[in-house]
Amino acid sequence: MIVVMDLKVGSEEIKAVESLLMEHGYQCHAIHGKERLVLGAVGSKKGDIPPGLETMPGVVKVVRVMQPFKLVSREVKVEDTIVTAGKIKLGGGYFSVIAGPCAVESMEQLSVSARAVRDGGAVGLRGGAFKPRTSPYDFQGLEDVGLQYLTQARKETGLAIVTEVVNPSDVGRVADTADVVQIGARNMQNFPLLREVGQLRKPVLLKRGLSATVEEWLMAAEYILSEGNYQVILCERGIRTFETYTRNTLDLSAVALAKRLSHLPVVVDPSHATGHWHLVKPLALAAIAVGADGLLIEVHPEPARALCDGPQSLTPQHFTELMTDLDMLAPVLGKKIWRGDEGSDN
Amino acid sequence: MIVVMDLKVGSEEIKAVESLLMEHGYQCHAIHGKERLVLGAVGSKKGDIPPGLETMPGVVKVVRVMQPFKLVSREVKVEDTIVTAGKIKLGGGYFSVIAGPCAVESMEQLSVSARAVRDGGAVGLRGGAFKPRTSPYDFQGLEDVGLQYLTQARKETGLAIVTEVVNPSDVGRVADTADVVQIGARNMQNFPLLREVGQLRKPVLLKRGLSATVEEWLMAAEYILSEGNYQVILCERGIRTFETYTRNTLDLSAVALAKRLSHLPVVVDPSHATGHWHLVKPLALAAIAVGADGLLIEVHPEPARALCDGPQSLTPQHFTELMTDLDMLAPVLGKKIWRGDEGSDN
Amino acid sequence: MIVVMDLKVGSEEIKAVESLLMEHGYQCHAIHGKERLVLGAVGSKKGDIPPGLETMPGVVKVVRVMQPFKLVSREVKVEDTIVTAGKIKLGGGYFSVIAGPCAVESMEQLSVSARAVRDGGAVGLRGGAFKPRTSPYDFQGLEDVGLQYLTQARKETGLAIVTEVVNPSDVGRVADTADVVQIGARNMQNFPLLREVGQLRKPVLLKRGLSATVEEWLMAAEYILSEGNYQVILCERGIRTFETYTRNTLDLSAVALAKRLSHLPVVVDPSHATGHWHLVKPLALAAIAVGADGLLIEVHPEPARALCDGPQSLTPQHFTELMTDLDMLAPVLGKKIWRGDEGSDN
Amino acid sequence: MIVVMDLKVGSEEIKAVESLLMEHGYQCHAIHGKERLVLGAVGSKKGDIPPGLETMPGVVKVVRVMQPFKLVSREVKVEDTIVTAGKIKLGGGYFSVIAGPCAVESMEQLSVSARAVRDGGAVGLRGGAFKPRTSPYDFQGLEDVGLQYLTQARKETGLAIVTEVVNPSDVGRVADTADVVQIGARNMQNFPLLREVGQLRKPVLLKRGLSATVEEWLMAAEYILSEGNYQVILCERGIRTFETYTRNTLDLSAVALAKRLSHLPVVVDPSHATGHWHLVKPLALAAIAVGADGLLIEVHPEPARALCDGPQSLTPQHFTELMTDLDMLAPVLGKKIWRGDEGSDN
């Protein structure tokens, strides 16, 4: 850590800062400039900023030299983490597509969707039983009945189930059904929920918050790993900006960055990011090109009748076309589109 | 609701849209332009957008004519809601100051802080027992012990207690201690938590999310009111923008706007918004000038030793100076700085 | 255009609005709801919002039914515009790579860079002679001498020259040297400059502003086309968001969107967008995958000695690797990487 | 300056960095940690970052220790700069109100507006003769005729004229009419224009860009001062965020911050910031409370007929009410509302 001080203060203030640093296990080295003093603080194992340091008289700036995340960092683990969950396999060159409706609406709708996305080439089925909605008057999901339908859909199709949990007290129930437990964007910093899914020994898909920096996103993953659950999939789904044409702004540089800073697999959700079905395909292709390890795609058998997020859902036919394009791009990019078994290589 | 359609589609597509609207209780009126058809849909009680409407062939735009919030709206209730909680009284011209440390650290720190802010003129004591922190390795609060200390501080000083809850399963425990239950910015759209505090018959202070629009903020309040709890205090605490000098960007236009759109009282937290103690006083004065009903101010007896957010905490002396300035401004602005009883009028 | 009015106002206010609309050549059709009146205004050729309409008593909302851009719109011209400038050919399936240093620093630096990017496969040479810099104390470009060096570099390599103009009075001089005149992000809404380059009969590359919406970007292009210059290349170079790890946030959904809304070619500048050379390649691949028609890439023979923006420059070797990857991806995406003549097909 | 290096690189890379720093006049002091090396570079007069430093092998981070702005800094000049221009006097406790229509539309409209704002208590008249507009099809101002009307309005009312210049070649003409030359938000980083007004010996009002940081805003002012013109007035007019209810988000913390970092006066334009006349008064009061030195207010005799920005214009009556409130607040805040002469004290 580096502490920059204003030399207008006296030697007493400087000593006070040095004392505080030493209390926290640091050794101090001073560099005197004309107007500023630079204190290099080294040797502490924790590397944290001592509380109160930034407000001490004369302190101009405190700069951290090491990154705040540890377990998720590629400095700690160089090789890609590969996450498998049922038929899903992500990371280390494996690319999986998870698709399905925004919300579970009925057994029939789910069944039709599940078969369509399986036939198209998906290995995972997405679908919300618990839906966080901006308005209390909007459809909030089928809850437990939705979980039963998902279980049934897995039985019918063999697809791995990816579904969201919103309440720490529901984690057990949802994990009983899900192959991958999803944390939504609005809950990325719901720390009790993160700790709870950190207790699971099941993959967790962690969506980036609407206004979360890449560092905060990785720190949220660190919460889960620090509880012992190392199977985390990061998911970029768009951030909130001033642009209003698209629902959110998909940040594909964050995908390349997360892949560089962390060993965890990263998937992209172009459906929520853009809010328009016609932007889903170009951005899905961009996602595999930028280095993503998978996709989350909304597919609805009849988008015009979807209870939520219809405008961003692909029809089964559009989905199949997208898979065809991914199949052609993947080998050029050194990726393998995973179909659930080695025999399915392309 | 208004539906704009492209006249390039045929009459069948138009009929399909009209049918869907009628299924949802609307009557349709059509206005033909050269290239666009405008359908005015009126007469539905719920006024919701039928699922799927936006993706139907030919639909260019769907525009809501009414606001989505109801119970929080000033159209529903014209006069200001006044919230009282212990010595706190907010709204309808009453202005209350709630102050204290970011986190409860020890009984002594809390005791000293509580007496200092009471002597300065605060009627509420803020202090977190449960602290949501970006890093799993940072101090997370004293939890139950912190709640005991807060109870003790109320006994000593008579101040109303304002403290945060982060987990739906803790709402009962926290509400036993708190006079006002706080929902933090990161939890503004934690809907299970909102529903839980909606069951309380105790005031709730709802912080605006880092990237929440004013409409989303009011809709989050609507969740609480729709469960039967009408005592909600809105709190503006800064939004996330590109500016990095300040921790967040305090949005005082949102305060004026929320006061216009809603009958609920609005308070401002300039400490979290700016992250710098020296910006707290000017923005606190701006807050009362713009029409806020109260303030949340971080005060720490020894900011340089605070376990969290020291740089943004006022010393007790700075706090007293701020209160003096507020006392002078209030009568010019038609506000009464509330001291806990009518005899304290200024 | 649609005007939504509050029915609480009297019939006089409604008549006043109707009169204003009729003055501007509209016919009005009214739809009465319970609380709102919807006026559909049709038949005006210009389709503009009459000044003052939005503040008239009773007016709640004014909604435009048609898009504000005309000449740039794909509704006006369905097929892709192909822009050619020297060896550059963009749009309609042709994909060109323009590369070179951020600033022209010396004849030698430019010569080495130009030969390197030509050998790597670029058809255009970028390099600033006039550099807009945040600080008045930073290097501002070699100006006229820089233009001479660019002319010399074209002679040596045959590359088309792309260089920026910042002052309306310099447009003539810069256009004498340049094959493509560049308008930088900070000048996207410098309207006198837009009008001036609109007088040219030479291609203009228009960078999107740091905080410009896609609509504002297209409207800025509309300024140029409305002066008679139809050869405009749009360039996405990242927008400003809260994320600080990257210099800007590259918005690839804007590329897909601009391609859908407009017939103009769109190129991507991943170097300025990310600010880190190691993110340039993944985002360049994502750009071609999302549908871009070309790339602007910073290449410097010795990035560690660049007078500006070194951290985001590729070495000639990295650039050649990128071109190899683009060559492999292009046919899968139905694009042709343009090398300056038909014989160069891949 | 501080350079953080990764100790995984060898001693050669470290020496290379040290050499570059020494070439630029720095002396280096090294502090060795476990994984990182901290180089403190001191002693250079210019204090700039050597080009290329950030990309040298092993360099992890470069941190500037001094602020980049010099002439505008309060470290260079401690006391407030007071700017006077005709009847306007700003800074050092003096508070001036500049008001008038968005655009000059006719002599009559301007005359009526000018007399109304003078009677209300303004000392400056704002009004655009050159209007930057998003669409090429919108009203662009009366240009030279507008300047003549402004000259006439000054003769009639004695008000100081504040008007915008958008083209470097117009600076002379506009400065002949104006008492204060305005640089609009879109031109905050139009560097040729900044240099041109830097040649004037007349006050310049510099609006903050839509997405400019406070540091960039101060650096833009530095351009003007570095050309010898020290009479700069900073103007906060709202930044672009995700919020859509208001036209922009007024950033009053930037006002407090600019006043702390710089000696220049700061004014606030709540009309453009909010876009709604009903938010103008509360935010104007907040502006004086936060420490601003003046206001720019849009007033139109008949807002519903304004050729631009009607929805955000006050009527003369609303303006007079606002002035009454400012008169009451000013003495409490230690400000003097300037009326053009000392006898006008309140």
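Note that the chains are named A, B, C and D in the order they appear, and that numbering of residues resets to 1 at the start of each chain.
Heads up, the rule we're going with is that contacts are C-beta pairs under 8 Å (C-beta built on N, C-alpha and C of every residue); 3 or more make two chains touch, one makes a residue touch a chain.
Model, not experiment: these values are computed from the prediction.
Novice: Over the chains that touch one another, what is the least number of steps taking chain A to chain C?
Specialist: 1
Novice: Among the chains here, which has the CA centroid at the largest distance from chain C's centroid?
Specialist: B
Novice: So how far apart, in whole Å, are chain A and chain B when each is placed at the average of its C-alpha atoms?
Specialist: The mean C-alpha positions of chain A and chain B differ by 27 Å.
Novice: Using CA atom averages as chain centres, what separation in Å is found between chain B and chain D?
Specialist: Distance between chain centres, rounded to whole Å: 31 Å.
Novice: Between chain B and chain C, what distance separates the C-alpha centroids? Give it in angstrom.
Specialist: Chain centres of chain B and chain C, defined by C-alpha means, are spaced 40 Å apart.
Novice: Out of chain A, which residues touch more than one other chain, so two or more?
Specialist: Counting only residues that touch two or more other chains, chain A contributes 211, 240-242, 244.
Novice: Under the definition above, what is the set of chain D residues touching chain A in their complex?
Specialist: It is residues 2, 4, 29, 31-36, 38, 40, 42-43, 60-61, 63, 65-66, 240-242, 244 of chain D that touch chain A.
Novice: State the interface residues of chain B toward chain D in the complex, per the touch definition above.
Specialist: So the residues of chain B touching chain D come out as 211, 213-215, 239, 241-246, 249-257, 260, 273-274, 278-279, 282-283, 285-291, 328-329, 332-333.
Novice: Where on chain C does chain D make contact in their complex?
Specialist: My answer: residues 46, 48, 51-56, 68, 132-140, 166-169, 186-187, 189-192, 210-211, 216, 219, 222-223, 226, 240, 277, 302-308, 310-311, 313.
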